[in-house]
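These notes open a run of structures that come right after.
Two complexes, one shared chain (subunit A), two partners (subunit B, subunit C).
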Partner chain A sequence: MNYEYFYSIIVLGISGFISLAIGIKNNNKKILAGFTSLALIVSFLLVLAGTKNYNILTMSFNSFDSYWALIFIASTLLIIVPAMNDIKGRYDVFYALTLFMTLSMLIAAFTYNLIVLFVSFEGVSVITYVLVAFNRTRRNLEGSLKYFIISTLGTSFNILGISFFYLATKTFDLFSVGKIFYSEGLLLALVFIIIGFGFKLAIFPMQQWAIDTYDGAPNSISAFLSTGGKILAYMILLKILYLGFVHDYNYVFYFFSILGILTMTYGNLSALSQNNLKRIFAYSSVAQAGYMVLVFALIGFSYFPANVIPKSTFIRFGIASAMFYAVVYIFMQGGAYIAMNLIKKDKIMIEDLDGLSKKSRLSAFSLWIFMLSLTGIPLTGGFLAKYFLFFSLIVGGLWWLAVIAILNSVISVFYYFRIILNSYVSESDNEFNLAPSVKYPLFATAAITIALGVLFFIYTYLIGIAAI
Partner chain B sequence: MVTLYYFIFLFPLIAFPVEYVIGNYKSRYSGIFSSLMIILSLITVLDAYYYLSSHAFIYSHYQWFYNIDVGIYIDRLTLVMALMVTSVSLLINIFAMFYMKDDPRKNVYFAETSLFITGMLGLVVASNLVLFFLFWEIVGLCSYLLIGFWFFKPNAAAAAKKAFIVTRIGDLLFMIGMAVIYTTLLKLNPSSPLSIPYLITNASHISAIIGPNVLALAALLLFSGAIAKSAQFPLHVWLPDSMEGPTTVSALIHAATMVTAGIYLVARLYPLYEFAAPYTLYVVTLIGAFTAFYAGILAIVMNDIKRVLAYSTISQLGYMLTAVGLSGIIGYSGVAFGMYHLVVHAVFKALLFMSAAVILLGLLELRDIKQMGGLFKRMPATAILILIGSLTLAAIPPTAGYFSKGQIINGAYEYFINSGNIIPWLLLIFGEILTATYIFRMYFLVFLGKPRSEIAANARDPKLIYLTPLMILAFLSLTLGYIQKPFYKYLYSSVNVYTPPLIIELIPVAFSITGIVIAYIIYRYTVYKNIDIHENILYRAIKNKFYFDKLYTQYIAERVILPLSHIFGAGDKDFDRGIDGFGEELSILGGKLRKIETGYMTYYVVFLVIGISVIFLIVELLGMIN
Partner chain C sequence: MLLLFFFIMFLIAVIVSFFMGKNSKRFSLIALGLLTVFFVAYSFVKFYNYNGQIISKYNFLLASFTSSNKSITVNINFSLGLTGFTDLLIITALIVSIFSIVIGDREKGGIFFGLLMFTGYGLAGLFAMRNFLFFFIFWEIVLVPIFFLISRYGSVDKEKISIKFFIYTHIGSLFLLLSIFTLSTYYFIKYSIFTFQIADLMSLSFQSAIPLFALYFSFFGFLLAFFIKLPSFPLHSWLADTYTSSPFSGTVMLSGGLVTMAGYGLLGIMYPVTGLFPRVLIYFIIILGLISLVYFGLVGMFQTNLKRMIAYTSASEMSFVTIAFGTSVLSTGYVRVFDLSGGMFQTFAHVFVASLAFSALYFIYKRTNTMEIYGLRGLYHKMPRASTFFLASILASLGMPTLAGFIGEFSITVSSFQTIGLFTIIIVFGLILIAAYLIWAAQRSLFGFYNEKLGPLKDLNRSEFTILFFILISSIFVGVYPTLFFKLLSIYAAHLGGLI
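This part shows the complex of A and B:
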């Protein structure tokens, strides 16, 4: 057996234990953060260098999987340095936990076995329960408790769904279901699995925990939950829906087109009258998930037997746009949460941003970039992500979904631009936390967000590897 | 490594943010980095020159949106243009480090000029009309920023706005032209209908499929963009006003970066014009020749040193455009003549503008030539440099201007022989008299006689070291004529150099000398003092630029556009109110939705169960229908 494909995963595990070992002697956050970043970068490079097109046990190591693995590593890397500001206490434990969490996510990225997917997904969930409550303030604990209880509900849905799947197909492997035909049991499995992972994705009726938890968690953990954690569930659903159910389940289409519209409308409307900044971003992340699940509606639409457009092409477009949206989303949404470290309060209201541009022009500019990108204004990554998404919808014949999504983007302008307005126009003598560990990750993230708005040709590459 | 050549325009682009940031900390050093980046860009262009000696062209592109590719296409025409832009703007940039050294915002100046040069180089190497247009817009934006660089002067702010709005008219027509090409060619070449190499290599095929008249429509719409950018009649009004910016900016706009873009556009897409209906190129010729003549008349009465030069630019651009238009009869020679004059013009116009900048530095930005005089003794070095520039402009024999402009006039004569149409030739040779008259009128008034104001009496030359870029340009203006024939051959192998009968060939020179004599008479007998603006109706008409500015601002803008915009504005207000109301309603709705978020877990679970059930019910029902 060839172990070299697992190096990127093994590195993370070993580094987690080393990080704990460093913590026995001293609890210096700079050393630990540096070490963790290094371990993540090494793992990133190993994934990049890893041999492609290799299947072993239940794992697969092709470009598609590596792409998601890279996204997950980036989503963790994003919060390592900002976490130095808002995490207090045992840094060694904190960084070891993030490393183990990334390890879990990598396994999820490389596997196609439902049991392994489930276990790695739960691995991430359990660690995030701890991370949300890490500072042990009252808000942390409340958020963590709600998160824990609702997630457990989701886990039970998952277990049931996977059991039904096994009963219907006699396998856990997603690759081998292609031969199985339609059955009621499989339909039931589909329903339960979608609900189960939908909890983490925070789509419409399952979104309520997210608002409280993102608000209560430390800023960098909110950043992770709304990016890495969400994208993980998104990727798992993408794999399951694309591979696991290749029959005419047009239910998927109805389900996700309704849910997508409800989710984004709910998120955008609720954010309008909100004044708590972290809650605004929480609603915005709900709305963004609403845009993203439209890809599933597209996949479901392709199951219609009456559909004459060749399925393979527009599904490829759809999956490629999902992949692009995921990477852009991580940086813009994560960046917005990281920017909250600028404010020295626990409960962050929108007025606390007043006068930011006077104190630090570049920080205000970075925040501005994230808002523009979340709205979908050209020359930012968010624009291209939305463009490709709507483009694939229109190519697939779902133009009316694209129109609804665009109308929703228009609504979102109201609250995103309010944030820009507050940070640029209003005069105030607020104090801001402008430590280098707050500022520079912010600038880097903003730079990446802009760069993604220019790297349009990635999409062509993604269409190439979107075959799974 | 073809992708290396992307750095032709990427290098100056790097300088843009760096200059902007550096200047906040080390203001003294601003300008050095951007010059360095232009040098690197120049080296890249030279490397492309060697690459092209063994290859026909450089072409690299990436897929952008759907069927629009972005990338670079470099052939010999591009290369000549890129070489001109980089080298002339390098010299101007070096000179600007001296000229702008006391300006508090000079880092912003260098940042913006870097972006300006990026835009120009980008549009020169662009491989797709959309990308071309993007850079074209960057050029327009930077011209707005730079003309209004001293925005605290109301004139400068107004001039910047004028330049922006007038060129916008051309841009709109350009966009319509692109749309026409895109929609008509989408069936023919679905993968990339706006790619420049595709358009120029398949022009005859395109013409045969879509018909020469449709192609002529598209070509003329694109040409409208060129008219606005290259300040041709009737959209020339912005260029003289643009003199309100720093003089080095004027040098950049006039010599290297902006106005030549329009000529380049026509030369680049020349095959489209060639295979379009024949009247297309005739329109180009007529507009060019008329502008050459018309701007010459206006330049004679101007008393602002920079405005004289501005009108001379408009006139010379007219010559280039005429040359390109002549190609309809005389083949590719016309394009080559036009491009050669473009290069020569860039050199001597940069020289003239930078010399003017030196004079203005000495005279504390006093620009009225009636108040100068006697500067020859006080600023001898500048006087000699500007004399070389003026002689080149007036096309007096050993200078490069004689070779470049003379060949255009010979081409016009050849055009007359072959087509029987004498109008272009007549307009051009009478333009010659005007050219020599206006430039030497300015020269005599500035340099001869006695100082007519206190400031002029105290002017001095700056240190000679600062004039080095000008000397290089002066040397080039004198010697560039000797590469005339190799230049033509390098561009297109099929170029004919015309030698009409001696008497015809001597006419332009004779006319130029006549012009100088007229200028001397005007100066010597102080005719310019005796004409009263209120008496002579012709003089008044010319002085008011034939009322074109008045027509645009007072009649079209104030009497037509403003009322219209008020009418639409009334509707807009209601629309605004509607939007506000919509937003408020949404906020109220959102406030209600937010109430779902109570914070109680039991409530959440109940909501969840009901929500999921309802949604599944709906999905189930829809699924049954299907």
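This part shows the complex of A and C:
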């Protein structure tokens, strides 16, 4: 057994305990945040160094898996510094928990066994229940309770789905799915897994907890839940649907084209009438999930273009655009939530942004970058992400889905641009929190969002590694 | 390579102009002046012996992927290139930036002029790109500074109108993008390579091989985007609000800059594949052009706000481009070349007409604080110079010979007679309509007894006079010596029409 591939995971676990040990002596948030960032960066580099074609048991360490691992580390790294502002009290526990959470996510990134995927996902979930309630205010506890109850419901559906999957295929290992023994069981498994992970991914009928939880949680935790947590569920679904339902399983296409359309339309339309900023972003993250699950529809699609474009080609494009969307989404959506730290209030309304550009031009500019990126305007990551997604849909022959998605993307202009207008047209005496730990993460995230929109080679590189 | 150098210098100038504060206006003007001189000199050298092809090509492979069995290739190129048409359009983009900046108030600060420079950069970049991905990026990026200009410096209902403008044009852009993707996908099916090169995707031989459904879908996307920007008849509702609400510099940029994008899209991008248009579509386009011409004329007649009126006039002038686009597909030989180069010339010359009209109106508005016709009367008694310029702009708008507007409208009218016959009478009717109401408006606002409610008014000062004089002179230059431009356009048109 070759342990060097696990170093990145082991480093995170050990650093978690060290951070708890530091906390016994002194609970200084700067030292702890610095240490946690260092641990995450070391782990990041170890993942990069350990990327080879290597399979052990049901774990795999090739470029595809490492890419997701890097995304997850980045999604945690994003909230380390902003969390210094909105987390009160036990910093050692908080940072140790984020490290353990990242550890769980890395395991999920590398494994292809349903049981391990399930356990690692629950590892993340349990920690996020705690993190949402970390400040122990009324809003936190309410959000956490809702999240806990609904998420547990999703978990039970997941267990059912995985059990039926085992009945149908006689394996938990996604690599060795071969003959189907019980095809009705496979359909049941699909339905339960969609419901279970649909709760975690907050797609249409299962989204309401997310709105309340993102609204109630501390800003940086909302940032994590709507990016890292969501992308984790997304990646697991991608693995399950791509490898587990390989037998031209059309239900995947039916379910996800319908769910995708409903999700994005619901998210965009609901966001229009909202005035609470964190709820707007929550609905926007629902809508973004709607765009993302269109890739699953593409994976399950196998009719029209089969005679002209081989299915393996357009699936490769679809997976590449999913991977690209995931990384861009983390920075733009996470950035939008981090920007909420600028406002010194618990309940953040859209008017609280008035006059931001007068107080700090660069912070306002960063916020505009996130909004433009979420809308899909060129020179930001969101443009390339969204339109490569539509491109892969068209390559796969699903042009009508792309048209619906584009009309949705037009609706979203209304509420994203309302935020831009509020932040610089209206005059107001609002006070903003412009501490360095709020501002600089924001600038860095905005810079990354722009960089992702200019570096075209990332996408072509991803097409190369998008074969699981 | 010099072209690339030009764009890099331009980009640096744009970025610097954002941070210059009070000096931004002066800096932008100097930078744009130098860039214009450089680019005009460059085009004189390059286009001396022009043969209608794409010249000064520059191609750089930004990213590519080839699968191990060579079945998939993805290429993302950054390509530049100039034709006779785009060369002139880049010059107009520079000139319209100068016009819009020169009439802006110096006190508005770096952001205002930076945004105008950015728009100009987007326009110039759009015309030079020979790759659809970058074409689209520039097509879309132009909207962002205009959005900020309107929403920050605009007048009534600026927030609502800026979003309306953005969404309206955004819809068109997105369908344009879907069309590009569709073409790219079918290019892959044929040649197993993904590319966004305009020359590859917009070729007759390739497009005649793709299924009809995909072909028509792509036509729909392209035409929707271009007709929204132009704007053409049913898709124009953003026009008047946006022109009225935006600051005058922005209006000059919109009417002189953004509509040329649509003209370029139709005649520069779309034209090579018009051979595949079904007959019905061509007639539909011609009818749309005719309806727009007359409809905007009629709507313009009933406006009481001079800015709105000129906005509609500008739109009806641009419907000549639609007519030229439609009729030139039907015609053959030299008529087609004449028609096409007339359409291109109209796109090009419209910049001078619209800039003059809006700038003259701006200086009148600055003093009287009203643009309502009924609020103005007898301005000529108090401001003879400003009134003269405004009258000149009106004459230019109605297509007076020796002014910029004439040549394009004349050649389109003459050559469309060859294809649509007696229906040309509708064009003539539209022209008369425009002339009638513009002169009527001039009579009501400039002549007659002076409206004493306006109080004492000062005429143009020296710098304002110089600005308007400069714009008028350039308009007259285009009007009396059109050969310089028309020749270039006709060579390119002959190449497009298959005569060279």
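In this text, the second predicted complex is superposed on the first by the 456 of 468 C-alpha atoms of A that agree within 3 Å, B and C clash if a C-alpha of one lies under 4 Å from a C-alpha of the other, contacts with A are read in each partner's own complex, and residues count from 1 in each chain.
Criterion: a residue touches a chain if its C-beta (ideal position, glycine included) is under 8 Å from a C-beta of that chain, and two chains touch if they have at least 3 such contacts.
Bear in mind the structure is a predicted one, so any value in this text is a computation, not a measurement.
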**First (subunit B), second (subunit C), both or neither touched by A:414** = both
**Request:** Name the contact category of A:266: first (subunit B only), second (subunit C only), both, or neither.
**Result:** first
**Prompt:** Which of the two partners, first being subunit B and second being subunit C, lies in contact with A:254: first, second, both, or neither?
**Reply:** first
**Prompt:** What is the contact status of A:391 with respect to subunit B (first) and subunit C (second): first, second, both, or neither?
**Reply:** both
**Asked** For A:378, is the partner it touches subunit B (first), subunit C (second), both, or none of the two (neither)?
**Response** second
**Request:** Go through the superposed model and pick first if A:425 touches only subunit B, second if only subunit C, both, or neither.
**Result:** second
**Prompt:** Which of the two partners, first being subunit B and second being subunit C, lies in contact with A:457: first, second, both, or neither?
**Reply:** both
**Request:** Would you sort A:3 into first (subunit B), second (subunit C), both or neither based on which partner it touches?
**Result:** neither
**Prompt:** Both subunit B and subunit C contact which residues of subunit A?
**Reply:** 387, 391, 414, 456-457, 460
**Prompt:** What residues of subunit A sit close enough to touch subunit C in their complex?
**Reply:** 308-310, 313, 316, 372, 377-379, 383, 387, 390-391, 394-395, 399, 402-403, 406-407, 409-410, 413-414, 417-418, 421, 424-425, 456-457, 459-461, 463-464
**Prompt:** Residues of subunit A touching subunit B in their complex?
**Reply:** 146, 149-150, 153, 191, 195, 204-206, 208-209, 211-212, 250-251, 254-255, 258-259, 266, 268-274, 304, 387, 391, 411, 414, 456-457, 460
**Complete:** As the complex stands, subunit B meets subunit A at residues 62-66, 583, 586-591, 593-594, 596-597, 599, 601, 604-605, 607-608, 610-612, 615-616, 618-620, 622-623, 626
**Message:** Under the definition above, what is the set of subunit C residues touching subunit A in their complex?
**Reply:** 62-65, 67, 71-72, 74, 76, 133, 136-138, 140-141, 144, 147, 151-152, 158-159, 162-163, 166-167, 170-171, 174-175, 177-178, 181-182, 184-185, 188-189, 217
